[in-house]
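Both complexes below contain chain A, partnered by chain B and then by chain C.
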Partner chain A sequence: MGSEKRKFWLYISPFIFGFTVFIGGPMIASMYLSFTRYDVLTPAEWIGFDNYIRLFSNERFWDVLSNTFFYVFVGVPLHVILGLAISVLLLRAIPGISFFRTAFYLPSIFGGVAILLLWNYMLAPGFGGQNVGLINGLLSMIGIEGPGWSSDSNWAKPAVILVKLWGVGGSILILLPALAGVSKDLLEAADIDGASSFRKFFSVTFPTISPAVFFITTMEIINTFKMFIEPMIIPGLDKSWTDTLMVHLYNNAFEYFRMGYASALAWVMFFVIMVFTLINLYFAKKWVYYESK
Partner chain B sequence: MNQNKPIKSLKELKTLKGKDKYLIIIKYILLISATVIFMIPLAWTISGSLKASGEIFTVPITWIPSVFKWENYVNMFTSFPMVRYAFNSTIIVFFNMVFVTISSFIVAYGFARFRHPLNQTLFFAVLATMMIPEQVTLVPQFLMFSWLGWVNTYLPLIVPSMFGAAFNIFLMRQFIMTIPRELDESAYIDGCNSFQILTKIIAPLCVPIIITVGIFTFNFHWNDFLGPLIYLSDPNKFPLQLGLYSLDGERQGITDYGMLFAASITALIPPLALFAFLQQYIMAGIKLGGSVKG
Partner chain C sequence: MKKILFYVVICVFLVMLAACNGSNDASSSDNEDVTDESNDSGSSGDEDVTISFSFWGGDFDIQRMEAIREEFYKVNDNIEVELVNLPGHPDYAQAQMTRMASGDPYDVIQMAEESYSFAARGVLEDLGPYIEGDDDFSLDPYYEVGIDSYTHNGTTYGIPMRLGSVMMFYNKDLFDQHGLDYPDENTTWDEVIEAGEQITNHDEGVFGVSPLGGWWASISQFLHSNGASMLSEDYSEFTMDSPEGIEAIKLMQEIVNERDISPNENQIPEGMDLWTSGNIGMLIDGPWHVLSSQANIDSFDWDMTLAPQGAQPASPTFSNAFHMAKGSEHKEAAWEVIKFWTGAEAQEILAAEHGDTPTLQDVAASDVYLDLGDLPPENFEVMLESLDSAYGPEASLMWSEINEVVQDAMSQIINMNEPVEDIMPGLRNEVEELLEEAERLQEIYDGDMEDK
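Here is the complex of A and B:
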């Protein structure tokens, strides 16, 4: 038996080492750094809560915080609703369904700079018929003059959300199997009772798939709070329209070398994400249905 | 009438009557228009990559280039270090795939097969690390790697993969748990030690999950931006995504949009090829959608 315990430690040792060196240790260091002024060149200097005070009195922080909230409160619900709507359309096996499923999934495999650069050009607003990107080009075909997107303070954030929505396919991959698991018998029973499609969806289908909906909502909230690459590649004309907490952290740590300030920001982000996850968990009790209950 | 009954052929489609017929027509109209909306960005950019720069941003949109400018795909090699960047990306992706798959698999095996009073607790710790946002560890990790003199090398981008990744460990452990222990035991009686059981018995049965983890790893590192942005400053070491970013960063000097489009499209090909190659496997989850219901 002693040998089994030894083998356990042996096999999981890479994780223990990796956790200590790359996660646990850095977390403690980050906590310490957040109370110091450290610019890499001169030794860290203990300044107490100054970084946190400076953070909350920094106008830029409130800008990026409200931008991030906008992406979370507008982008995440749109993502979940669109994902659900498309999944419902894709559920029934009809001729050509594999093609449709592939078409909706495909955009989600493109995630890097390349596709965002292209989106940046697709969103080119165009002035006087010059430099018109795809979106406003299409809108002009139906007689609508498109907005200025990134160059307009009201449209810069929706532009980012639009681009993110194109990658909804990853969530479809999770929602579709969940929809397929909805009990056929329950749906038929509801049919016999004369329930409308609408009623069937909210009384039978939705409760069954609610754990999957909860899962993608949680993941989307966390990922949106950490959003970085989209505002970096598709920034507003004024970056304060689009920058997120993560961009603010990157700028401070790796452009201005304010390591202490950046660490304090990281912990504020950690706290905000934690609070949101807990709120989400709390409300989940009210609408997420688990079979075992 | 069950509205989710699969329809297997066009012939069967034609037999539909009344309400069912109209519903299916509406469904096809919705599906086709949504598909067009989802695919138009790709169509526009592919067409743009074959246009002269002046033609890309014109209205009305020309879907078929008036002159096919195939040179865009040649120019990206001559006026942009495409080969260099693609090679750098390949190096980073390859080592991450190999390291993270092997290390996560070994750790997952430990959690799945060896009893220890702390097994459950530590496995919970693995799951908890998924919840720790990486921005908290970003700054100290950077300071550590710069103290080691690893900045501007690939080591900070590769070495952490040698110690497993929480999500992969989780997926692989769940998969190994489904393999009957009797297989291990009979191999043990035949004289295999625990490592041989891992490589000869467990690993061949875990090919599906190994492929899944491989795909995730490939896509993550091929698209990774923050890591290379922080750690690499020498343009010769840039992976493709960072190379494209730096090219775009000098936007004032770049007017050859056709070439930029061609280079960006090319950067999308590897994930696309991997998807096409393993499509059957990836879409297996989606396939469930049609067959389970009847």
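Here is the complex of A and C:
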């Protein structure tokens, strides 16, 4: 082995070690456990495909799967579009723009349970006109009677998505530099050719920033599939309206002593996320533009 | 080159798998050690040992535990007690599972309704031999309901220090305003409804009765007082849809929806406590409201009595108990700790808080506990009376999951006003499936026990 190669193995060994011990090993273990009845406290017992059969015949699983898809198909596009729209606005050199940039980014720093609890207050529908939360209060000012949010089967999922949009600042942080990097020459050339603002955006700006958009879309899809705390803290009146795959997994693994079933669920999730990521990658070839190519 | 990488990865995997199996072996041999260990009990008596003691709770609980430990050190100088305050439900059980799976459990473990789920899986020590072998200790002075809650199939796994039942608290001012008699120990649900109708005033946000059916004790109190139950006595059958059960559930639905004298989930405001702000006539809930009401209510007078009766009085009882891990290495010392923590000295420290009821009947009946001085409530003694009709939670092997599906169904009935007849068949199916699973698991565990 040449010294270059030896160095390569030396430098990469921490990753290989970490991956095998903390990711690869547990993955293989969970694959095995998904074919067993395992409750952590007593030895695992091989039961073949029982966990998977049970999983697919469980009504709750289909509920949480369709909820998760709803969050992915409705929440992710909203997140990306909103992130793009705000980024475009924040690019303008108007007085006090740094204040606005900070203001839009700040919420994604303050995340977690505390903020979600505040959202519970903000989304409160109130009763008989009393104790109405901020959101419905604002809506009533412009003459709209706000929905019951978590207590309404049609609005419980949108409420979760609304809360998740709070973290859009993280994407703005990626989109803003990408937008700033769009070539002024190209935009000017388009101007001279008489292109409209829309035309400029879709023909010049968007192709240039498409790798950034692709990145946040992919990450958002994966994160949304794994979504956990939002439905835990802001559950619908009936939890089957809002629970995600991850919540179902957590309940089974850590509350109901069903580690085997939860492992099976984790593998099903793994395949679902993988299929969607592959589809995403496939279509990416058609719209993502890399300058180096 | 690629081949080398491949072999490296494979080797590491194999090592890891071996390690995994190794730990499994270790834990099973641990269990064997355990049975051996009880033979050479007493070996730890002379040496200094450290007992880890895990519990959940807030500042109040931590202070109490530390105060008891101080007393313990006065009479015991070779046992060190390491108090470990863990986050409460649901993380608590998860933390215990992880410690047990890694073969390093806490020696003494506070547990409540999940006690049986752990005991059935053979990770908790049978306290019977310690109780019998200890001349200084007897179960007789304890409230029976406290001990029963931690005795599963004839084996005692835990000893409780404190317990309390569902009580009824009432806002005297609201009763005076409407010229109503205060409720007492014989108040029935019919009388509660009657008074509730008068007190309820939607314009002012005042409800006669507190929210119903939001958690197991509320559901259970209503069912039991009307002669029904969630499960049969041996937890083998679902009995909630018996004629009495259906009638009771319909009455709950009626109180919340048609009569609208108890708020449903949507009518409970965020960030405001209906009871302490004086917007509830009768609060039917756990005994912890004594301490929180003393601390938070100054705008009205209040008192307490027994939870309402239907066909019979019913006081579902909460408690938690100290268990010993089967994998503990210092069982004799752990027993000394459990014994002291549930003994009279420790319980007097608890009693002085005037909150939860001490499980030793003498301590509970003493002035240390019952004499509140000038503080409300006047009828504090009913805390003891409630224990006459007390019973523990229906903590079957599937406790947390059955609870979850029952609560979901009750929420549909009470909060969404779905017809009881539409919900019950589905609930029965779900619970029956869980009970069948419980039965299967029980057989496996019983088999495992016999093997050992």
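By our rule, the second predicted complex is superposed on the first by the 274 of 293 C-alpha atoms of A that agree within 3 Å, B and C clash if a C-alpha of one lies under 4 Å from a C-alpha of the other, contacts with A are read in each partner's own complex, and residues count from 1 in each chain.
Following the convention adopted for this analysis, a residue touches a chain if its C-beta (ideal position, glycine included) is under 8 Å from a C-beta of that chain, and two chains touch if they have at least 3 such contacts.
Treat the numbers as computed from the prediction; the structure is a model and nothing was measured.
Trainee: After the overlay on chain A, what do you see for chain B versus chain C, clash or fit?
Mentor: These partners clash in the superposed model.
Trainee: Quick one: classify A:Ala195 as touching chain B (first), chain C (second), both or neither.
Mentor: Neither: A:Ala195 stays clear of chain B and chain C.
Trainee: Given the touch rule stated above, what does A:Gly148 touch, chain B (first), chain C (second), both, or neither?
Mentor: Only chain C; A:Gly148 stays clear of chain B.
Trainee: Does chain B (first) or chain C (second) touch A:Leu249, or do both, or does neither?
Mentor: The first partner, chain B, only.
Trainee: Where does A:Asn131 make contact in the superposed view: on chain B (first), on chain C (second), on both, or on neither?
Mentor: In the superposition, A:Asn131 contacts both chain B and chain C.
Trainee: Have a look at where A:Leu237 lands relative to chain B and chain C in the superposition and call it first, second, both or neither.
Mentor: A:Leu237 sits against chain C, while chain B stays out of touch.
Trainee: In the three-chain superposition, say which chain, chain B or chain C, touches more residues of chain A.
Mentor: B
Trainee: Output check: A:Lys5 vs chain B and chain C. Expected answer is one of first, second, both, neither. What do you get?
Mentor: The answer is both, since A:Lys5 touches chain B and chain C.
Trainee: Can A:Thr102 be said to touch chain B (first), chain C (second), both, or neither?
Mentor: Only chain B; A:Thr102 stays clear of chain C.
Trainee: May I ask you to decide whether A:Phe257 touches chain B, chain C, both, or neither, giving the answer as first, second, both or neither?
Mentor: A:Phe257: touches chain C, not chain B.
Trainee: Please indicate which partner A:Leu41 is in contact with in the superposed arrangement: first for chain B, second for chain C, both, or neither.
Mentor: A:Leu41: touches chain C, not chain B.
Trainee: Can you tell which stretch of chain B bumps into chain C once we superpose, 19-27, 91-99, 109-117 or 145-153?
Mentor: That would be 145-153, the only stretch with clashing C-alpha atoms.
Trainee: Indicate the residue numbers of chain A shared between its chain B interface and its chain C interface, in ascending order.
Mentor: Common to the two interfaces on chain A: residues 5, 16-17, 21, 25, 29, 40, 120-121, 124, 126, 130-131, 133, 254.
Trainee: If you look only at chain C, which of its residues touch chain A in the complex?
Mentor: Checking each residue of chain C against chain A gives 1, 5, 8-9, 12-13, 16-17, 20, 24, 28, 90, 93-94, 97-98, 100-101, 117-118, 121-123, 202-203, 205, 263, 265-267, 269-272, 398, 400-401, 404, 408, 411-412, 415-416, 444-445, 448.
Trainee: Residue numbers of chain A touching chain C in their complex, please.
Mentor: Those residues of chain A that touch chain C are 5, 16-17, 20-21, 24-25, 28-29, 39-43, 45, 120-121, 124-128, 130-131, 133, 148, 151, 237-240, 251, 254-257.
Trainee: Mind listing the chain A positions that touch chain B in their complex?
Mentor: 4-5, 7-12, 14-19, 21-23, 25-27, 29-30, 33, 40, 86-87, 89-95, 97-107, 109-115, 117-122, 124, 126, 129-134, 137-138, 140-141, 166, 172-173, 176-177, 179-182, 184, 187-188, 191, 197, 222, 225-226, 228-229, 232-233, 246, 249-250, 253-254, 259, 262-263, 266-267, 269-270, 273, 277
Trainee: Spell out the residues on chain B that touch chain A in their complex, using ranges where they run on.
Mentor: Chain B residues touching chain A: 1-10, 13, 24, 27-28, 30-31, 34-35, 38-42, 44-45, 48, 56-61, 103, 106-107, 109-111, 114-116, 119, 122, 125-126, 129, 131-144, 146, 160, 162-164, 169, 194, 219, 222-226, 229-230, 240-242, 244-245, 248, 257, 260-261, 263-265, 267-268, 271-272, 275, 279, 282-283, 285-286, 288-294.
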